[in-house]
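Okay, so chain A shows up in both of these, paired with chain B first and chain C after.
This part shows the complex of A and B:
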């Protein structure tokens, strides 16, 4: 017993001087990137997942608990996207700063969501009662979230509040200009039809005027079956479909199969920051997404 | 013309010259005057033209300027329009400031806890049944057997969980267990957790599963096999939970490190009798974990359970010390463990007993029948060490399928009560099909060497489903 107390005391001494800069934990790379836009190198940012992971089914890994333990702010998507792991991280980390209150920032609380189901029944697949959580590809929602996040950073770290606001203003200017460029560039995509792997693209579709005519998953979260894929062949072939869309982390096989059957190109979009070479930040993410869509529109 | 003919003309000309000159002079003057007038007129005209041209130019400039101005205003209007459109878009997607005031209202159910129901059913077929399930060196206790024959309802449970207020979280889990026709309702867990202790501290109080080892704190429906490893069954009666308090601390390091201890009443196996005025069992545990690259994660720990036991299910009374070591390694491409990869886990148990076997408390009916419970001389010393271990590997083929193998072994001294020279062991393979995160079906085949020469080949079919709240599981 004494031995353990000694080890505990020794550890406390070791870790006590680690008082450091404001630390934020982002569940997904897009929020890590947004935090970087708003705070630069003034804060430390840990990102829990990568663009090559399916964030619906992350495990509450020890490394993530350690990161949440040290965070002053947790920034996550919400809308139940992280329901299978974030509550476990928060409860195990024992960090009251982020368990509730201002240190717990959910992007979904700042915006309205699409596809709120009118009927909640798991026979409909993995549905989210609070609406579709894949809103990071709507630049307008991103800007609303940026404003709320800058305010939250200022609330938690008042010493640098002016700096966050100033960086927000700078980001807003650049982002609004970028939106104009993207919208002008993406004009030829308007009205084009797409088949998607998972319902990950509704916000992008709404923004760019794409029309979704089918999904490889028979129901949200249910892996594609061969029977369901076969049922999509005629529809995809006969609708002058622009592309079959999937995210960088999704299994390419079902989309490739449908592409072979129909001649419609399967396109892997980055989906979030880090999803491809160009998606180094939020601007790159949108640049790459639109360019990849335009490349098949020609 | 000859030269001499020119002369007379010259003279004539000379003679006439003065008169002609006067006349010519008058003419030229008039002409010059006229010319002068014309030049003046022309000059005036030119000036006029120049003035007109300049005016025209100025007018043109003015027009151009006006045009520019107009263009600018137009662009400004467009810009403003675009900005207004952007603002409108932003306003449309921003959450309303008064976040759905109607959501709460008079609805008394708004704060209902999250409810999750686990249903579990089992079919078992044993090549040897009934068997004297006493494994060499390990008497039968509740939760330690070869499993039921035929159809049976597995452990089905219902749990409620919610934040109680700003400082506490509560969870309540009741399970329904069918033990040979006796349906028992069992409060599996009923505890509160603190939410706001600073510096990584957590206190839990109530009835809960101890945090020793790896599997002990996990509910059985998250296991990779139908039944618990032999070591868990033998040393902890499947899972050790009791009434008590737990203190846990997570270190603020890059590495995950948790340290903690518990004090329990000491009523449930392997403890009994609630010794030390109802605080008969103490535990200490330490777990560490982290990532290796993007594909691998690990978790390892050491724990200890120390208890004063009076009349445990297996007849033991005395001091019991149990040491556990656990290690888990998960590998999956990019850490997508639900879509593929391998999980390897092993735990090792070491148990030291200093006490005696009191036959009167033996739960093993067969053994009970054979002894005279009133005879105090039946108490025999039980001093010795026993060990147990398992190693399991599960290969996840896809989101739907996984395939696993587990090796179990127990060791007890030949001189121990119930002991023999044989060490029980078991091989198991399992195949699981998952339709979604909420349901799975499992086939398991085991070759269970219960005692020397006694081999039970077992087939299990299991379903396990979760209704209601989406659970968040531990690593």
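This part shows the complex of A and C:
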């Protein structure tokens, strides 16, 4: 009997500190990576989705509910990107800490989004009324979000607030230096034309000065018609297009088809952390994205 | 192994949803199998989805009961059409069901060219997410299932006729939105298929046991192995079906000597 009590006590000692550690749940890998930059190994971080899946839709697994249930902070993109599953996940988890208030952090609330429609019209496709939610590829917006997230971590976990601010300062220095390097490197991309699969690259295009001349999905979420494809082939062929862009999770077939018709290379970009070998963190994500674009620009 | 998902409050509502779906689908599945029209659930589900998309095409709100009513009306219309074809051309019933399925599915695509938001409903209707089920969502389905079970019991002599298609259409429309087409198909067909060796009450009891075993085991395994619950349950249902079949065969010697009333 004593032996069992001892084992139980030993288990409790092992389990207790883990259970008390501040726990964060990130909807997408880029926020998991940002949390790691700001908190290191001091908090436990669960990431709900991977770079190789379409975050508009996910499969429900029991562990997902369990992770949100024990989270102190949920970090998601917002702008309706996760509207198909996050509300249900939060509801099923029944965790008041993250259902609203400071424990519910939406990156889209910290920045202004692009492509916010002036009017809502269904005929325009699967438009997000709160603007385009794919802003993780804008390094400046990322920095704004990092500042807000560090402040939020400090608010929820005041004992380590100074540590979060210190790591934020360190991240800011490295990030701003990296932005300079990326911008210098990406200078030849300025003004180059691209065709995209889904309208998920507007922030990257705006930052690097790429010009988007067409999209395989003319209206987001709606498959293209044959007339649209015909005009897209002409446009792509005749405008000295740099590349056809798609994310790691997207079906390569439409892009490959257009590439074959036009001779313009199709490029698979990581899109978020984990999207390819080099994108192990946020820095790797931007390094890889820019290098892959430069590779076709030569 | 992953123990954190193994919580009654996470798996409980999903399990309850499974039991409600099974309550009507086990008896209906035996009818479906006897008639040899196993793809009817896919066809009816697609017709219900088409109904939702048509309703939205004409400007109906996405939320609320309007969508549910549109789905039910479309499913009932599909059921009526299949009743008619069953009477006129019974020998072609299965190919007609297949044709209805592809027409409804592609009809949705044509309408969706101008209404992309309908695609979310279409996906919800087809894939379903059993883990997202909330208890208050189960109440209307439980009431409907109870009513359908009562009708099936009272009118069991007439269940062979048009009544079958009406009951079936309503049951499928409700269950597909809860758990999705894969699970609906498995809940209908697997318990019925596993128990063809038995008859009457014995068959019904065995079929319910297979169904309940499949859902409970599937939910537990999906938590332990951290896999999507719906897909896992389909596989455990099939596993329980095989076990049930073997168990019935082993115990079959005794049953054969005392023939049960033939009322499958």
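A few points about this structure:
Methods note: the second predicted complex is superposed on the first by the 272 of 298 C-alpha atoms of A that agree within 3 Å, B and C clash if a C-alpha of one lies under 4 Å from a C-alpha of the other, contacts with A are read in each partner's own complex, and residues count from 1 in each chain.
Criterion: a residue touches a chain if its C-beta (ideal position, glycine included) is under 8 Å from a C-beta of that chain, and two chains touch if they have at least 3 such contacts.
Because the structure is a prediction, the values reported are computed rather than measured.
Look at chain A after the overlay: chain B and chain C clash there. When both complexes are overlaid on chain A, the residue A:110 reaches chain B alone and has no touch with chain C.
Annotation for chain A, partner touching more residues between chain B and chain C: B.
Once the two complexes are laid over each other on the shared chain, residue contacts for A:238 go to neither chain B nor chain C.
In the superposition on chain A, A:144 contacts chain B only, with no contact to chain C. In the superposition on chain A, A:226 contacts neither chain B nor chain C. With both structures placed on the common chain, the touch criterion links A:61 to chain B and to chain C. In the superposed model, A:53 lies in contact with chain B only, and not with chain C. Within chain A, the residues touching chain B in one complex and chain C in the other are 57, 59-63, 65-66, 69-70, 84-85, 88, 91-92, 94, 122, 125-126, 221-223.
Listed in rising order, the residues of chain A touching chain C in the complex are 57, 59-63, 65-67, 69-70, 84-85, 88-89, 91-92, 94, 122-123, 125-126, 219-223, 225. In the complex of the two chains, the chain C residues touching chain A come out as 2, 4-7, 9-11, 13, 109, 112-117, 119-120, 123, 129-132, 134, 219, 222-223, 226-231.
By the touch criterion given at the top, residues 1, 4, 7-8, 11, 15, 18, 50, 52-54, 57-63, 65-66, 69-70, 80, 83-88, 91-96, 99-100, 109-112, 122, 125-126, 138, 140-141, 143-144, 176, 179-180, 221-223, 249, 251 of chain A touch chain B in their complex.
Across the complex, chain B meets chain A through its residues 82-83, 86, 89-90, 92-96, 99, 163, 166, 169, 193, 195-198, 200-202, 248-259, 261, 284, 286-291, 294, 297-299, 330, 334-339, 398-400, 436-438, 470-475.
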